[in-house]
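Labels for the chains are A, B and C, by order of writing; each one numbers its residues from 1.
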Amino acid sequence: MLETIHHDGIHELRLARPPVNALDPALARQLREAVESAPARGARALLLSGQPGMFSAGLDVPALLTLDRGAFRVFWADFFGLCAALARSPVPVAAAITGHSPAGGAVLAILCDYRVMAAGEYRIGLNEVQVGLLVPECIQAAFRRLVGARQAERLLVTGAMLEPQAAHAIGFVDELAGPDEVVGRARDWLDALLQLPPHAVAATRRLARADLAGLFAEPEKLPIEDFLDGWFAPETQAVLHGLVARLKSKSAPTRPAM
Amino acid sequence: MLETIHHDGIHELRLARPPVNALDPALARQLREAVESAPARGARALLLSGQPGMFSAGLDVPALLTLDRGAFRVFWADFFGLCAALARSPVPVAAAITGHSPAGGAVLAILCDYRVMAAGEYRIGLNEVQVGLLVPECIQAAFRRLVGARQAERLLVTGAMLEPQAAHAIGFVDELAGPDEVVGRARDWLDALLQLPPHAVAATRRLARADLAGLFAEPEKLPIEDFLDGWFAPETQAVLHGLVARLKSKSAPTRPAM
Amino acid sequence: MLETIHHDGIHELRLARPPVNALDPALARQLREAVESAPARGARALLLSGQPGMFSAGLDVPALLTLDRGAFRVFWADFFGLCAALARSPVPVAAAITGHSPAGGAVLAILCDYRVMAAGEYRIGLNEVQVGLLVPECIQAAFRRLVGARQAERLLVTGAMLEPQAAHAIGFVDELAGPDEVVGRARDWLDALLQLPPHAVAATRRLARADLAGLFAEPEKLPIEDFLDGWFAPETQAVLHGLVARLKSKSAPTRPAM
């Protein structure tokens, strides 16, 4: 469900969990461990990619609805751990957003150093509110530093999904590329970075991303129980079960799960 | 001077104080109480609107110049109380900026969740410096989160008034509409919000607007006496009296008072 | 190496150190003293300008490489002192960016109230990382408030140099003008500001720039030793000596030194 491809010092982590690269407990764990261990395995940079047309549909709601609170807590600790590993990565990370990227898919992209998105009929957005979920403050703050407080508020409160051009116009993504060129452009950006004096780049990144790293500095203070309370609240459960019922009746493999 | 129109759960508060919807002590008090009491009266959302061509000219300078320090303090406590009620509103508030919106008119709009402005020969801006007044830090900070620190500094220091297109381009307002459609578009935005899972919207708004609410969290710490010192300073009084003399000689009913 | 031209209350400080207005210890000291003493000499506003085609190439790397740690510390204290004097200036400062403005040249511009840049084949950017240097946090934070956290991170980490149009589009500069009109436009902006009620402008500037002034509030806490450590680190010295060797072989007088 996760392929690693080595391009010299750049390690590409390619999500490969059909049909929509949804994050279930196993994938969240695997991706977290891959990001955390990459520098020790020789990665000088990371590239996070998906499948043509689908970066990641975010949380695997049907699978996660079967978990009790204890099992969900383990999953969520892995997801926050993955977020922290991206936000605090000692090596630069580029996201090749190869297609749709709702909710959790957008979260992963937001935490990277650079985002290239495929131009086309794809959407990106933090649409959690649409399915009754709250985006935690650490993610909201990471989003705010990309698009500013006004856009973040507006997009989060309405759960808006944006076309690539609109996302690019407000700084949600840094670059657009043809679907076949998304991974290549993300590699180009990392390649150029790796040509620069390494100590200066590392020290500059540390300062420029210190606010982002700080959001995830104390894992034990992240609002895990708050999110669990929200997940198991009646309103949320009703919306999520309704969503799963609609997904089953449509059986639309490319539809974002969350 | 203030009309309330009920559109199901959306309560529209329409400023109706001829000729320019200027805020005098009575209107500031009435609007403050209307915003504060709206949720208890069943409002699920608020819509703040004005008259065709004039949202609000801001402070009623001629009326306020007749007040002594004690009476001005009462007015200013109501104006800050109104600002706090908008910034901390438990229900979403949209502004239908139906026309000119200088100074205090712009302040009210800035504190709302969403701003639709009438396209046309109207202007919006925090032009207080032009009449010798200082925009307090809590308002400057609210403006900064909309347009960023650079634009806020530039616009505040020069007291610039902007055309709707320019205001939209920098995020001062969120949407432009024909003069006849401004109120309708603001209602549409609120209607769409009211279709979403209510607990998730409320919790998301709370986080996304926490910085704004925080600016007005401690009313007793707001710089009321500083503003009074500024208002009664010789430079300010001279500029304001000159402004009133010009207003009387022109008797231009649509001219912004401040 | 520094000419002062009086336009009534506006004092223009024109960098005039051939060939590229590079900052060596003498110019940094002279410019610092000129900015610090201007208000006492009657300046109601300052205008910082360069030569046609070259605002300032930033640090004079060939000259500075000859300094030992003690002498470099004196220079760097003057450069930070100059930065602090601009960021905390009691009178408004406009930058007329008459041409190229890399690294230290861009730093000076960032700290001013307003930036007019010459349209043409010029570049501006914080390209320190390209020569192995770290941009200190106080400068990164000043840049962030102009262009936002996302653009600041991206530009600082890659050391990008931008064309005037690109710099203008993201707010790095406030206005573009023909090369012959840059100084005039910066004067116009200051002239308009000087027409406004002076106490209100001064108080508004103080609040609107308080975050910037705060970055330089405690000179003894600025990371001087950190920067010295970076300057004398082997990676940096190797890159800088390589740069000087290339500059000598090209003897290109308009090429940015840093």
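Rule of thumb we're sticking to: a contact is a pair of C-beta atoms (placed from the backbone, for glycine too) under 8 Å apart; a residue touches a chain by one contact, two chains touch by 3 or more.
Being a predicted model, the structure only gives us computed values, none of them experimental.
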item	value
Overall pattern in which the protein chains touch one another (line/ring/star/complete/other)	complete
Homomeric contact chain B-chain C: same or different residue positions, threshold half	different
Whole-Å gap between the CA centroids of chain B and chain C	37
Overlap residues in chain B, where contacts from two or more other chains coincide	148
Touching residues on chain C, where the partner in the complex is chain A	128-137, 140, 148-154, 156-159, 230, 233, 235-236, 239
For the chain A and chain C complex, residues of the former touching the latter	92, 113-114, 145-148, 171, 174, 192-193, 196-201, 203-205, 207-211
